[in-house]
Every structure is written in C-alpha cells, then in structure tokens.
Amino acid sequence: MYSFKNDYSEGAHPRILNALIESNLEQDEGYGEDRYSRQAIELLKARIGRNDIDIHLLSGGTQTNFTAISAFLRPHEAAIAANTGHILGHETGAVEATGHKIISIEVSDGKLNPSLIKEVLEAHPDEHMVKPKLVYISNTTEIGSIYQKRELEQISEFCKENNLILFMDGARLGSALCSVENDLELSDLATLVDAFYIGGTKNGALLGEALVICRDSLKEDFRYHMKQKGALLAKGRLLGIQFLELFRDNLYFDLARHANTMAGLLSEAINEAGYGFLSHSPSNQIFPILPNSLIAELQDDYSFSIWKKIDSDHSAIRLVTSWATQEEAVSAFIALLQKLAGRS
Amino acid sequence: MYSFKNDYSEGAHPRILNALIESNLEQDEGYGEDRYSRQAIELLKARIGRNDIDIHLLSGGTQTNFTAISAFLRPHEAAIAANTGHILGHETGAVEATGHKIISIEVSDGKLNPSLIKEVLEAHPDEHMVKPKLVYISNTTEIGSIYQKRELEQISEFCKENNLILFMDGARLGSALCSVENDLELSDLATLVDAFYIGGTKNGALLGEALVICRDSLKEDFRYHMKQKGALLAKGRLLGIQFLELFRDNLYFDLARHANTMAGLLSEAINEAGYGFLSHSPSNQIFPILPNSLIAELQDDYSFSIWKKIDSDHSAIRLVTSWATQEEAVSAFIALLQKLAGRS
Amino acid sequence: MYSFKNDYSEGAHPRILNALIESNLEQDEGYGEDRYSRQAIELLKARIGRNDIDIHLLSGGTQTNFTAISAFLRPHEAAIAANTGHILGHETGAVEATGHKIISIEVSDGKLNPSLIKEVLEAHPDEHMVKPKLVYISNTTEIGSIYQKRELEQISEFCKENNLILFMDGARLGSALCSVENDLELSDLATLVDAFYIGGTKNGALLGEALVICRDSLKEDFRYHMKQKGALLAKGRLLGIQFLELFRDNLYFDLARHANTMAGLLSEAINEAGYGFLSHSPSNQIFPILPNSLIAELQDDYSFSIWKKIDSDHSAIRLVTSWATQEEAVSAFIALLQKLAGRS
Amino acid sequence: MYSFKNDYSEGAHPRILNALIESNLEQDEGYGEDRYSRQAIELLKARIGRNDIDIHLLSGGTQTNFTAISAFLRPHEAAIAANTGHILGHETGAVEATGHKIISIEVSDGKLNPSLIKEVLEAHPDEHMVKPKLVYISNTTEIGSIYQKRELEQISEFCKENNLILFMDGARLGSALCSVENDLELSDLATLVDAFYIGGTKNGALLGEALVICRDSLKEDFRYHMKQKGALLAKGRLLGIQFLELFRDNLYFDLARHANTMAGLLSEAINEAGYGFLSHSPSNQIFPILPNSLIAELQDDYSFSIWKKIDSDHSAIRLVTSWATQEEAVSAFIALLQKLAGRS
C-alpha cells in the first residue's frame, strides 16, 4: 500500500537528519537564540533579499497561523478567508479560540481577489459587526491552485489602500514557487504581503515553518506571542538546523520541484485517460474526478483521500506528492490507472 | 565555555537520532496516529501499569500546561500554584491567555500542601471570585525539590475530598523519580494525580512531553484541544519514535540518573567547600549561594544563571545538569571551585 | 419624523417606571439577591409551569448570548446558527471573543431544521475541525418568522439524539408567542429547549433578559459566569422589579400583542397596495419590498432601515413596531403609503 | 435592620427617576447614539475641561474594567494592581477571561507608587514572562484611602517614562474627589491618567459608569469593544439621562459629599469610643476594628460586612455610606455603639 495521502507521511530529508547528528552534542542557547537559528534567519533574509524583515521559526502551520493572527489583530478585528481556507475548517477553531472571527468568502478556485474582499468590507460598516482587518490567503491554496504575481499585486494594493493586513499561509509555499505556472519570487512576497511563512513540515523537514514579518508595525514583541502560544521550543536549534540545511543551497526548491514533477506526471496521465479535475492545480496536490468503481480499485493498492462527492457515480479524490514520492510508485499508479481505465 | 545553564543545551541522545534515521523513509499516518506513537503510548501504559489512562504526546512544557489546563477547566475556574510555579511566572501568561486566573501561594520550598490549598478555598467563597478548581504542582519543583509519596498522598486526598483536579507538571519528572530521596513510582502517579506529564525535552529528547490523563472525566475529546492549540504535529511520529526509544528499556531513567549523579557531585563539592544552598535539591538543578566575586570568576569558564540576589556580597546561582553533562566538565568545575574557594 | 426603526426607541412602559419609583428607597441586597429578583424568578417559574429550572436576569441580548454560550461550551465546541442569526453578524464577534466558532447555515427563512443541522454534523467528523455542540435559534427570527411547535419538536428531538444543546434567543420571544400563527406556550419551551431567554428590552423594559436554563447539566455555577462577563448588576433589583411588573399580570403579552397588531395593520395595507415581502413575518418586524422612489418619499416623514437591495429599482425595508407604537402613527403611515402608491 | 453594607442598597436618586419619566416616551436612537447620551458626554467634557477626550457610558464597574483593559492591551501584556485591587479578587477573573494576567503587588494602604511598579518591571525582563503594560489604580481604593495629587503625579510621570498605560477605576470617584483630604480635580485626572471612569452606580444612579479615554492611541474603535463585551445597551439613553441629571448641576458631588459626611460622623464617633481602624479612610467606606462581641450586638440591628479577622477577639468591619444614607440612621448607630462600648 503506497500513500498519496499527504506530504508528511515520511520523516525528513536525509540531509536534515545528518545535520542534526553533526551538531547534536554541541551546547547552545535555548529558545531559538542558538547559532543555527540565528544563521538560518540570516540566510533566509539573504534569500529573500531583505534585511528589514523579522523571521521567526515555529513548529507547525496551525500554530503559526493562530500565533501570528492573534498577535496582529485587536480583539474586535476579524480575518477574511476563502471558504477553502485552512484556518476556517481544518484547525479546530484555533483562530476563534484566540477570540477572532473569520469571515468566509465562497470561491471556486481557492483564491481571493479585491472585489470579493471589498464586498466583505461593505457588509461590515459599523461597530455592531466585527471589523475585517486581516486577509488570509494560502499559496498554494488548499485545492492546489496558485497565485499569479498580478493577482497578488492587486490584492496587495487593495489591502494597502484599505489598511488591511495581508497574510499568506505558506504551508506549501515551496510547491507554489516551484510550480511551472509560478511567476512569483520570494523577494516579491516580502514586498507584496505583510507577513507570510515558508513551510518546512510539508517540504522535507521534520517540523518547522519560517514566519516572515514584513510590515514594521507587526514586529514588536513577537517572541512574547510565540512563548505564550507554546511556539518557543526549548531546543529551538531543531528548527534552525533544518532551515539552515534546506536553504544553504537549493535543497528546499529541489524538493518542492520534485513533488510538483511527480504530481505533474499523475495529472498528465489522468488527463490522458480522459478524466477531469476539481480544480486547476499546477502544484503537488491534484484533485481528479474519477468513477467510484475505479476509486475503489485504486484503494486496494494506494492510500489517498476521497475529497468530495461529485455525483452518484463520481468523486473527486486528492493525490498528494512530496519530496519523498518515488517515481516508481507514480509510474505504477499510472499503469494501474491506465489498465483500469482502459477496461471500463 | 561549558554550560550548566539548563538541561536542553544539547540535541538528543544519540539512540534517539538513530531511531529517527531507521524509520525515516517509512510512510505512516499523520497527526500522532502513526504506529510509533501508538506503540509508544501502549508501552507507556505498560510502564505505568494501567490501561485505563489516556496518553497524548505534545511538543513542550508550556504547550502541555496550557492545553491541558484550558481543556480541564470551565471559564470561571482557576488554577492554584506555588509562587515558584512555572505557569505563573515563566510562560508569558499562557494559561491566562486561555482565560483562566492562576492563584499564587507563597512558599519557600516550591511545594504545596493541603493546608495551603485549604486557605485558598476559604478565601474564595462565592461567585464574585474565581472558583479554585485545579491544583498545579511540579515534580521536581522549579527549585529542585521533590515530592515524597506521603506528601503527594495528602494533597491527593485533599483534592479528592474537595473535588479539585490535581495536575503534575513533569517537565523534570525523570529527575524526580530517579532522585536518591524519591519514593514514588510512575504507577503511584496514575493513582494519586488526575493528570501529569513525563517530560522528554529536558531528559534526552529533541522535544516531547507525554501527557497522562488518569481521571475519566478529563479524557473526552482531548485531541480536539491539542489540534486547536497547535499541539498535533503533522509528523507526530517524531514524538512517538522518541518516547518509544526512551522507554523500550531503561534509557529514560538512566539518563535522568546520570543528570542527578552529576548534580550530586557538584552539590557535595560545593558543600564541602563550605557554601550553602537556596533550597534542598536532590535533583538535577542545584542553587548554591556563592560570593559574587567567586561567581564572577566561575563565569569566565562556565555558563550558568544567576538566580537570586541574597545580600550585597552573595547570590544564588543555578547549576543544571543533564543526560549530556560530561563528568570531566563536572570535575573541572569542582577543581576550579576548590581552587578559587581555597584562595579566598 | 416618526420612527419604525426598532422596538427600543422609547423608554419603558409607564408601569415599569412606577414600580421603580415605589420601591426606590427600600434597602435590599445587591447583585440579584434582592427580594424583587427572587420574586420575579419565582413568578416566571410559575408562568413557565416548572420548578426544576434556573432563571437569571441579565441586561441585554448580546450579553445573554455570549455569557450563556461560553458557559455551556468547552473550548473546542462550536455553535451552529442560521446565516441570519444575530450572534453571527450583529454582535461584533462576541461569541468568538469567548473562543468559540459559529458555524453558519445558509437559509432563506431564518430558521433551522434537523436536516440542515445534520449536514453540519456530517461535515465535522473529527478533531481537525471544531465539534458542533450548540444549536442557536431565534424566535422570532431576525427576519420576523416564527417557529411552529412541530418544527421546534423536530429540532429538539434531533438535538437530544445527537447530544446537542438547543439554545433559543428570545430577544423577541414576546412577539413570537403572541403571533397569530404561534402554537407554542412558554411551558413548551422549557420542555423542548435546553435554555432560552425571555426578552424584556424589546418588549417594554428599560433593559433586561430572563435566561431560563432547563437542562440540569448547564446550571452549575452560572452566576460565576454572569459576574465574570459583567452581567451581575450591583443594583440587580432594577431587573427584578421590571420582570415582576411585566409578568405579575399579562402586561408582557399585552405589549407584545399590541406590537404584533400594529405590524399586522402595516402588512395588510402594504399587501393591499400591491407590494410583496422579503419574508413571511407574522410578528413585529416586517420586510416589505418597495420601489426605491417610494421609499425615498416615505423617508421624508418616517425613520426605518433599508434592509436589502432587491434590484436596481426596489429594496426591502424593515418596519418594526413595539409596545409603544401609536396606532395613529400606523394609520398615518398607511395613508401616506396608499397615497404614494396610488399615484405611481 | 438598617444596612451599611454597601452603597448600592437603594434605587436611584429621585431626580434621576424623574428624568427617566420625563423623557420616557420620546423616540430616540439606540445604542448610545441618542441625544441624552450625546449631551451627557458633552457636559462631562465641559466639566472635565477638555474636548480632546473620548467618553463612553457603560453599565457597571466590572464591565468597564474588562472592556477597557482588554481593548487597551495586546495579548502578551499584563496589568499591574495592588493586592486589594477590585479586578484582582472580586471580579471572578473577568480580566483574565479576556486573556490577560494581572500582576499583584502587596500593599498595606491600597495604593501603588513608582517604586513598587518599578520592582515589577525589573522582575519581568523578557519574553518568558508577560510584559507589564497597564497600571490599575482605584480612587477611592478598595479600603477607602485616596490618592493625593502629588502621589498621582509621581505615578503618572513614571508611567509616561516607562510607556505604561495608567488606568484609574473610579467606581467611587465621587467619594474620592469630595473627600476632605482630596486635592485632585476632575481636570487633573484627564492630564495625569490615560483613562479613568466616573462611577455612577455607587453614587446615585441605577447603573452607569462614564469611561473617559484621554490618551489618543487608546481611543480607536472603542465602541466595537463595547458592543463585543455586551456594554452597548439598546436603550443607551438610560445611561445618558442619568449622567445628564447627575452633572447638569452639582448633584453628583452633593451626593458624594453627603456619603462622606455620613461616614465621617461614624468615624469620629468610633474613634471617640476608643476604637482603631484598619486603614486611613477619608471617604465613604470605613473599616473600624471592633471587639467581636460588640460586632455581634451591632448585627442585631445593622447589616454590614465583616471584613477581616484581626485577632481572636477583634475583627475589622466595613461600614459603607451612600447618597441615600439617612442621618438618623447614622445617629442611631452611633448611639448604640456608644451604649455598647460604654458598657464594656
């Protein structure tokens, strides 16, 4: 049984484990003040091409989302998210638990745009309602789509005009930036959004997300928020060492590119076999719509999620590839699919 | 510069890194539902000798404290803690951030007892005040002392009679249970307290605390609380693998015993050199009171915390040993201390 | 300029002010432990026909909603509400500020039913999502509709089967129970819902809502929650005296009936003039759809809310009547409407 | 049985009820946007002598405290209060329920000073602890003492130098400003503190506290916070009418002066009878220390609180006078005390 269920089924890229071993017995400071974390942060700043940003290393996506959002907002302010947004439906109300409403916008492609955000602002005119203040977007989105530079520029401009904070969930930022359709650079993000994070957990690390705070007014005292929310690891070096390894050359991007390539192979084959997709996804998550009978047969050998019922005979499934996905496994899956599809 | 600053200065025990490497490329379920986490939990249950307990693996002490306490209490209920309690002064208001007051009790030895708790109950008679509901104790305490079985039994009995939840912070539980003065077993804890945790981070793991919930009424839906508070790691196997390795033989206890032995050597030498201590500490943290001039000279070669000013010429320092403390470093420190002390 | 903007434009019914004056200089206990509050609670229990319920007097709807909901739920549990629900869009995130998500269900008539609630339960299967636990309904709804007994029985049964808490916002409960279409009694509510409140503010009181807690497990320590949320008035007698006056005879219902009658006159005339309505509303709020030009002319003499744009030429407005609405004002409004409508 | 138990035992001053009656049937805007509230706010600004302040009318002290403090602080920031502070022990953790720790300072006279606050700052140096940010003081204090202008200036200066927010709980501000020992004016407060409130509930109103926000950076969006915390009454006019009546001439101060005079008579007589006091209290709350046997006899005819056990034979009681305290009742109490004291 091979799993295409997610991009965190394996441990870490071997180079990361090696880096942990090499540094293991050195003594260093706790709580992220160690030399590795400091070096990793300097390296990330260099990669982003900006020195006037703050970077913090946290453990996971949910933790990063609620720690940042609760630090950035005052009590009456709300986040805005696409209905597919991870914070809305898949984090057990973590943001609301810090006291903030999330306003949901129905979309079909996982993405927000100025006109959708404007409608929310207009529907929240006074103090009887929350004050929409932070725009949460994900890149890649939760359904595999990505933001084009022009799209992000438009949102960014709108947010600046309306004094909104633009926050990008980058749990799968590697896959987004390495997509064949991507035209964004890391350095663009620092200009266009107020804060974003570079996901490590889903791209080869054991755990770890690098939060980048670009807007000055959001930087103050952020380590207090991290400590309060359980996000300062005593052995913070564990995060520093990993990001250092991922970014000291192109490992981070190589891993993401591999995941995308594997997903691309799957997409192409599924398309050629005559099946459609729930969303346009040029990244490491794809959502083919398949006959239920075919799905059942695939499930004998492969593990993946049933994403959505389409009609009585068809469902969309989610296939996720990662840095660790073996090309042979992809080939075998394709072969089986072709065999099963040809037969039907 | 050798550090006696804390017990999380190094990485993990080498066996733990090996275990991570061995399992690294196996695919498994996310969010703590992998085979390693399940095995680790079964193993811990066996070690504790109880099947009717729930065990969850979390990342760190602060996270475990606020996730558990906020899950256990209703909004108007408060925790009670010794003034030295970690949750009171060293977790950036993490428990209060979940909405709960912590009532502080002034103590000199870091420990609570029924009569102190009773005073708090009597001072909180009605709905104009919070309702004291959870008793937070630490073992070892934050100043190195430990609970004797008889003391814990008395607190336990009092809590049962008064319908209070007894919660033990076990960030340094290994050191407590391996103290030469200890008469408690892991199995006693499951009988005497409602919930406790077995600290991994400060005893050889990269990160990880095993929370044990003993009282049935506190068990329901705990994984929801973990997810909401950012405590469900996508690669939860990282925690499972470590606890499995620590407990599949006596590694956890061997590491704690080593730390205690090293602290014992330091204590003995400091005592023989004629210096006193801030607290009676039969564990891996000791708090000698030294002349400030001596401290300054020690600081040339050793890193440690100045804990408390005693008078204009003396301060208490904190020396912490760990599984990784090298006996040669201890010997060298002792030699230096004897040399400096003899000279004065 | 006469106002049909809401049902809290005037002060209190004169009998209430008289009652305040009569008792004014008597000394009594604070924080709702005075004789008036106790008598009012006993009287309400008798009116509801149940002694095994707890009743508390609070100041306003938002306060009652968030105090009750946060007292009833554990941190990971969520409320379910119709998209029109007051707690969702018109209380500035008050429920979320206590840490709880509200799951919105799109409806056209302001009302929930078992099948809608069931869909929410099915969409929230595990700990990665909040746990839906409390069903919030309003009677009358925010768009003037009311629950029939059979509808409420079905929801109640479904909630019991699924261990959900059923909570009814009764800010306009008087209008609901006095609607010509109503078949519910106060005593039915105590059987069918777990908690509800009897709104005073919008039915003749200066301020005040009587929260009725029917389910035993929700009763404990409720006064602690009230105090914590600012809902225990030092001079709680102010609430007790008002509810005593409203319920010592049929004043509460007489006032509601008057409001409904006035709204009925408006509805009938608007209907006869050939205009439709946004919702079926047999209560004190009606939502006629009128030409924008007509609306503009009505606004010269009357104050009311523009509720919703219907098309480029028409909007729904909201007309609200109350215990204080003067029949002459209603007649004059109707006459003007007929004049303006006839002309067009 | 006459009560000296508190200053909220009666209803409202008769002029307030009259004002409610006179305006009762006028239609006006809801939620504090009515003409009375607007006029009251303008009047208060004139009385304070400042136009650059924001004033909001809330219902009670606890509500005002937690609404303001949670609006003013970021999540990791804490309040500092004397151990006698109302928010610390008598508001059921209302401030902590909004996520903020309160740091307690042990004092004997209910008052803070720069040196005490400085110690707190020094004990909270980094992100492992909350960040002390708001200084909470009460005038009168909870044990009847008052701040002298020089004392307040010193605290104010210290807070400005250390970027702390200075907040004054004025639940009994009338009594403080009308104390024979007072040298502060309303206008001084607006200069010296960042926010304070003028208590109505305990000085003749049915309910109501006027919160004055002086520091610009604390003003933004405050009505959102009020709505979210249940502090925007639908019939906000109820608060406006009362403050208008209290401040359109000197009624507010006359009532406070009467309360103080009555307490002064009691103090003088108790002192002449040879008894001491727990605190120096030139206001409407006094805390005489009396023999327990004497207390028991007084309790046959008078209701008051036993405040604190002093020794096995003596206790401090609390006697509170108000705008409504009858001089005859005071005289009768004094006569009884003299009789009982003379006999012993």
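Letters A, B, C and D mark the chains in the order given here, with residues in each chain numbered from 1 onward.
Please note the rule applied: a residue touches a chain if its C-beta (ideal position, glycine included) is under 8 Å from a C-beta of that chain, and two chains touch if they have at least 3 such contacts.
Quick caveat, the model's predicted, so the values are computed rather than measured.
S.K.: Could you quickly compare B-C and A-B and let me know which has more C-beta contacts?
M.R.: The comparison resolves to A-B.
S.K.: Which chain maximises the distance between its CA centroid and that of chain C?
M.R.: Computed centres place B farthest from chain C.
S.K.: What is the distance in Å between the mean C-alpha positions of chain A and chain C?
M.R.: Comparing mean C-alpha positions, chain C is 42 Å from chain A.
S.K.: When the C-alpha atoms of chain A and chain B are each averaged to a single point, how far apart are the two points in Å?
M.R.: Centre-to-centre distance between chain A and chain B: 34 Å.
S.K.: Roughly how many whole angstrom separate the Cα centroids of chain B and chain C?
M.R.: 51
S.K.: Using the touch rule from the top of the page, what residues of chain C touch 2 or more other chains?
M.R.: Those would be 75-76, 91-93, 97-99, 127-128, 130, 224, 227-228, 232.
S.K.: Looking at which chains touch which, would you call it a line, ring, star, complete or other?
M.R.: Complete.
S.K.: Going by the contact rule at the top, pick out the chain A residues touching chain B in the complex.
M.R.: 2-3, 5-6, 8-12, 14, 17, 20-21, 23-30, 59-63, 66-67, 91-94, 97-98, 201-202, 206-207, 224, 227-235, 237-238, 324
S.K.: In their shared complex, at which residues does chain C touch chain A?
M.R.: The contact residues of chain C facing chain A are 75-76, 78, 89-93, 96-102, 104, 127-130.
S.K.: Quick check on the complex: what are the chain D residues that touch chain A?
M.R.: 31, 70-71, 74-76, 98-99, 127-128, 130-131, 221, 223-228, 232
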